[in-house]
Amino acid sequence: MSDELVDIRDLHVHFSIYEGITKVLNGVNFRIARGEKVGLIGEAGCGKTTTVKSIMKLLQIPPAIIEGGEIFLEGDDVLKMSQQELQMMRRKTVSMIFQDPIAALNPVFKVGDQIGDIIKFSQLALGEKVTKEDIKERTINVLKEVQMPDPERIMNSYPIQLSGGMRQRICIAMALVSATNLLIADEPGTNLDVTIQDQVLRLLGDLVEDRGTSVILISHALGAVKGLVDRVYVMYAGSMVEAAKTEDLFSDPLHPYTKALFNAVPKLTGGGIPEGISGRIPNYLSPPQGCRFNPRCPHAMPQCLEDAPPFFDVGEGHEVACYLYGGN
Amino acid sequence: MYVGIVIAIVIIAAGYWWMTQPTEPEPDPDPEPEPIFYRSTWAWPTRIDPAVGSDGSSLAAIPNLYNSLVRITPEGVVGPELAEGWDVTNGGLTYTFELREGVMSHSGNEITAEDVVFSMDRLLTMGEGLAYLFLPYIDETTAVDTYTVQFDLLKNFGPILTVMPNFFVLDEETVMENLGEGEYGDLGDYGKEWLMTNDAGTGPYTVKEFLLEEKLIMEKFEYWGETLDIEGFKFVENAPDIMEMIGTTEPITVRTMMARQELERTDSWQPIENLEEMVETEGVEMIGEVGTSLLNLMMHTRKAPTDDVHFRKAIAYAFDYETVVTEIFPHTTMVKGVVNEVLPGYDPSLEPYRMNLDKAMEELQQSEYYDQLEDIEIEIHWCAEVPAEERVSLLFMANMAELGISVKIVKEPWLSMIETMADQELSPNVVVVYNSVHFPEVGGDVMRYHSESAPTWEQNEWLLDETLDAMIEEALETVDQMDRFEKYSEIQQYIYDLCPTVYVLQTTTLRGIQDYVDYPYVEYGEQVSGFVYSVPLGFRTFYGLYTGINAP
Amino acid sequence: MNTELMKERAKRNWYKFSKNPLSIVGLVVVVSIILIAIFADFVAPYPQHAFVFVDFKNAKSPPTLRNLAGTDLAGRDVLSRIFFGFRYSLLMAVSVLSVATPPGVILGLLAGYMRDTWVDTVIMRVADVFLSVPSMVLALAVCSMLEPTLYNAMLAITVMWWPWYTRLVYGLSSSIKNEYFIQAAEVTGASTLSILLGEILPNCLSPIFTKMTLDVGWVILIGSTLSFVGLGAQPPTPDLGTMVSDGSKYIPSQWWISLFPALFIVLIILGFNLLGDGLRDMLAGD
Amino acid sequence: MNIKKYVAYRLLSSLFILFGLSLLIFTLSRLVPGDPARLALGAMAPQWAVDRLREQLHLNEPIYVQYFYWVTNVVKGDLGQSLVTRRGVFNDILEFFPATFELVMFSVLISSSLAIFLGVTAGKYANSLWDNLVRVTSYVGIAIPSFVWAILSVFIFGYLLRWFPTLGRLSSGVIAPTKVTGLLMVDSLIAGRLDIFVDAFYHMILPGSSLVLGRLSQEARITRASVVENLNKDYIMAARSFGIPERTITLKNLLKPSLIPTVAVMGMDIAGSMGGSFIIETIFNWPGLGRYGISAMLSNDINAIVGVVMLIGIFFAFMNIIVDLITAYLDPRIMMKMKSG
């Protein structure tokens, strides 16, 4: 068990909105080992961000409702943690790079101030008291680490005064100064142009490589995932449909959805539904019975309309949730 | 939140700093006794320049700061004040006053004839305030010698001595030291700006602080009545050290302050209900002063339909006088003629108008508007500052409804009312107004019917009647009192026949006063009923000289 | 299909509106007040007491079953007068807003559409002048210069009210003007007037109506303040502000004469504010 | 550098607006019937004295000539004569302004702090009992006209409970400290008189609360809405994700951005309270600009009316500039806009 850093079992998360209850996460299973780098891909709105936010218990309740499941982080159930334990966990164990660096940076505080706070509290969690000078030094260091020119000036800037790429790096810096065990990167650099996104991702890769941090990288830029992670989870409409080593997945995608997704490439920017897959993502208010992909699946069988398929291991840790590869 | 914290810190820091200050003045071994306060509320503005002030609160303050040559004594006759004696010569056209020696002003200058001349010249040149009482009559003022001053009159004015208490003497030197820039040439502003908030007088009190729009604070002064040891001009026991005239009439505030004994006396604008309540619950006494004023419904005699004498008489007969004095203004009395019955020269022979609907219909039928009553609407204006007037208007409306006359009621702030009444076209059919007398005689009341007063708030009737003008002028010029009163009678009869005014009531000025205040009227006046006192006409309250305050 | 859609929309709006129970309270209060105002003659216990009526025998009666809110100094039933007072409060609000809004909106549309031209400058600077002092001060100043009547008070408030709409609509229309459909209309040669009224205005309507509802409370508040100072409605008009003002002279002895009208002023303003907020929440999401 | 330019630009445009304002008031004053000079001198004054005053006040000239005189005098710092006090309007304003300023600033600062506290706590614990209590109370608070609250508070706290004084700035017998700023609370501290400070403080409570009740409620609501909005922002979630304690998040990460809308309306609120002071000062006999203004309005004292309205206009403009600078300080986005625009 100690090898598993995160182990999500059969997680169901619903949201309560005007129209009713949206059943967003529908039995998510997800594991990541220590030191492992895992990619999470899928269309926009398939529940990737909800999944990772659940790990840190960041979802707003309400409207979110955790219907069932467990999330183990280093063996402890996150859902049962006290406020104190949660805070310690967030300071020491996990940190996250949010999807939109503009929204994730507080517009009214200077960058240095924001990074400084994180240093202060994460050091506090480690039982260290840091002086102002220490904080400043560490801030400058981490800014240098994310290859920011003129860190002193950057420290004294407000987010609005920085370019998109710089803001993204600040977010990475913020995540780096906090946690050591697991870094969650939610579509880093999505809103940047391709070259900068590439730079950012490469930088991120180098940094985690140096530190031996586990990573969950969410992206729909398949190419980016390819070079960075050891293993990939493919998600569709609130559940994991396939998990495999990166090379295996790219060389031999099994799930009809994964196949369709790869057929839709090259497509670097996210947003819409990739071409090549007919139909659209299901309505979470009344999702299809059984496998949620069944309305769009060319291979749909009667069984698919009944029950959601579990993961079937097809060897070498390659798992796929499809009755084509197991079941009766 | 930060701001709050900062403020708290500042307060604490300041308090700490203050506590740690070395206490410089050692505690007084012989601590001064707590000053005795006499605090009263008034309707403002209060203008303490004797050449400017002319309304109630001004005339309450000025006699405490300044002296006149003569005054009306508690017995109701003209008596000496700054002047020890006087002579009338030249067929009533020359008045000579002998001044007291050794009267010192608040700045320590002796008051001489020059000061009197200066004061009268100043009053007449500026032409404001009470100057109108003297302007038509005073020709020249001369200082015969240091203590003798002589007034030459332009024409005979019978009641001049009763008017003289309204002329106050200023210390010329003090005024000249405080001239500002202004339109009077060498005399600059004639000291106007300075005298608005300071005094240059000789009265028992002097201005300590004048907080504009808030209150006037006067403090006791070493009075010449004391130093010269003159009976009747000395402070009584427990005379107030500090007098405050507070510029508010807001009933709830006044009530609160009376209940908390933060006020010794209320203004006269409090609703009667409020006063009665105070008497019942807070141990306050109600005092009433039978006044010389009348509450009048002035009818516009040059505007339809009140331009018809029968129509006016119909109104006068339809009005319910009884209800006013019993329901709306308790403690007041009905008018028994066309002037206040307490005024010298009053003619008791006139049969007063009382409610009589038969007579009213009779008069109405004789009026030229009888057949067009449906088209007629009378407008009645009442003064916003006197809430009870609304009920008079409502009563009027109800009374007129019985004659089939419709009425429109308009509430108007006093100052805008003055404006309206200055214009013959704008003046409404009926206005509810208090009229006070200029000097305590019938002449001081009826003179408001003179054409000169038509464009003022004193007359909404717009009589513009030359015969009446001549009668008034002639009466006022008559020096002999008996002759004069004879002429007053004729005037009263003449006005009675014109019926230009519905005389609603004779006022009683009601105020609340703390029971620990010795009110002078008890001693000097005559007790009429439970709490109402009649006071000598023209008598003014010099607080320190008559009013003592027992410890609350 | 269309009615279906509208039904669905109405249902959705009602859900959003009724999500907040306070909005419902507001709606109930406002509807009741409007009904009472309209049917005052039938609802008021003593309709004849509303204007001129004197009954000194029953004056100053504290609240009893006969007179639920007591009687005033002339013996008039306070509650009846309050009910009639609603008419004047509503009249004030409705007339001020209905007179001030159209010119304010049109000027705002024009200035926004002609942004950065002299038209914009002139209109918006003039509006700035009216907004350069608090509305209460300007209303008092204007009122003091006119004869004190209810209508002049309305006039004074109207005069200072229009620029708020100009400013609101200006912001809206200057952003809408860059939308494609406006440019399309321009290309097809639509007249300025038809663009303003036909294209831009419909897109500004819901903020305007929301503001109007919210403004009802303000107008009534300012109106009652003017009456309180004596610059508004005159007796015997049963205006709530005037009733408070006159009755306040008899506190604490006859507290009911001013307290009940005061409570109802608060209630009206409260009702409209709650309703306005509910409407805003309802329209905001779309 | 650019900030200076911005302030200069704002001041300049305020000047134009004030010019327009004076023109507006002057034009309106043309509507006044009757004769201000007669009013000033009293009903009994002789006609020649009235005529003389009319001459002095240029009342016989057409309105634009009067306006011309007025403007040329204003440039010289002379706002004309008041008919109520019979002194220069400028002097009057100097005399009356500090009392109002003290009342307004004191109550607005206290109430804004309170509003922020209420708004933040309510927003932070949205939909809690406390939140609902604050919300309902603030709705009622907004709906209570200030004069109603003034009368009620005099009745309840002055008359029934006798907690607070109801009149003026100081108790009888308390002599104001040497005038330095005209603000009694400041002057009393300068003079080292804590007793006067406390007395002045007590006198400010009832008028102050009447003045700001509505605004307090409004500001509390604005703050609450802004807190609720910001609570859902990513950066708050991000701060949480880094394990920053909830207290720090509330007092720092959440408070500062949430205050921006509140501060933005504070300028208007302070100036608006000057408007409210017209009624409140009359009820509480507060010797300030509002009471002076009402006296002027009730007696058609045009010079004084224009003077008071202009002063409030200037104050309003100033407050708005200051508030703009504060919001720019709080919000770098606005600062950037300001610098570039």
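Observations, loosely collected:
By written order: A, B, C and D. Residues from 1 in each chain.
The rule is simple: a contact is a pair of C-beta atoms (placed from the backbone, for glycine too) under 8 Å apart; a residue touches a chain by one contact, two chains touch by 3 or more.
Here the structure is a predicted model, which means the values were calculated and not measured.
Counting C-beta pairs in contact, the chain pair with the largest number is B-D. When chain centres are defined as mean Cα coordinates, A lies farthest from subunit D.
Centre to centre, using the average C-alpha position, subunit A and subunit D are separated by 52 Å. Subunit A and subunit B have Cα centroids lying 88 Å from one another. Centroids built from CA atoms put subunit D at 37 Å from subunit B. Averaging Cα coordinates per chain places subunit B and subunit C 44 Å apart. Each of the following residues of subunit C touches two or more other chains: 147, 230, 248, 251-252.
Counting partner chains per residue, subunit D has residues 33, 151, 155, 159, 282, 298, 300 touching two or more of them. Residue positions of subunit B touching 2 or more other chains: 252, 255, 413, 416. Those residues of subunit C that touch subunit D in the complex are listed here as 22, 125-126, 128-130, 132-138, 140-147, 217, 221, 224-225, 228-231, 241, 244-245, 248, 251-252, 255, 258, 262, 265-267, 269-270, 273-274.
Considering their complex, residues 33-35, 38-39, 41-46, 48-49, 52, 56, 84-87, 92, 95-96, 109-110, 112-114, 116-117, 120, 151, 154-155, 158-159, 162, 165-169, 171-173, 175-176, 189, 192-194, 197, 282-288, 291-292, 295, 298-300 of subunit D touch subunit B. On the side of subunit D, the complex with subunit C involves touching residues 13-14, 16-18, 20-21, 24-25, 28-29, 31-33, 135-136, 139-140, 142-148, 151-152, 155, 159-160, 268, 271-272, 274-276, 278-279, 282, 293-294, 297-298, 300, 305, 308-309, 312-313, 316-317. Across the interface of their complex, subunit C is touched by residues 251-252, 255, 271, 273-274, 277, 323, 327-328, 384, 387-388, 390-391, 393-395, 397-398, 401, 407, 409-413, 416 of subunit B. Every residue of subunit A that touches subunit D in the complex is listed here, in rising order: 53, 56, 58, 60, 83, 86-92, 94-96, 98-100, 103-109, 117-118, 121-122, 125, 158, 160-161, 174, 178.
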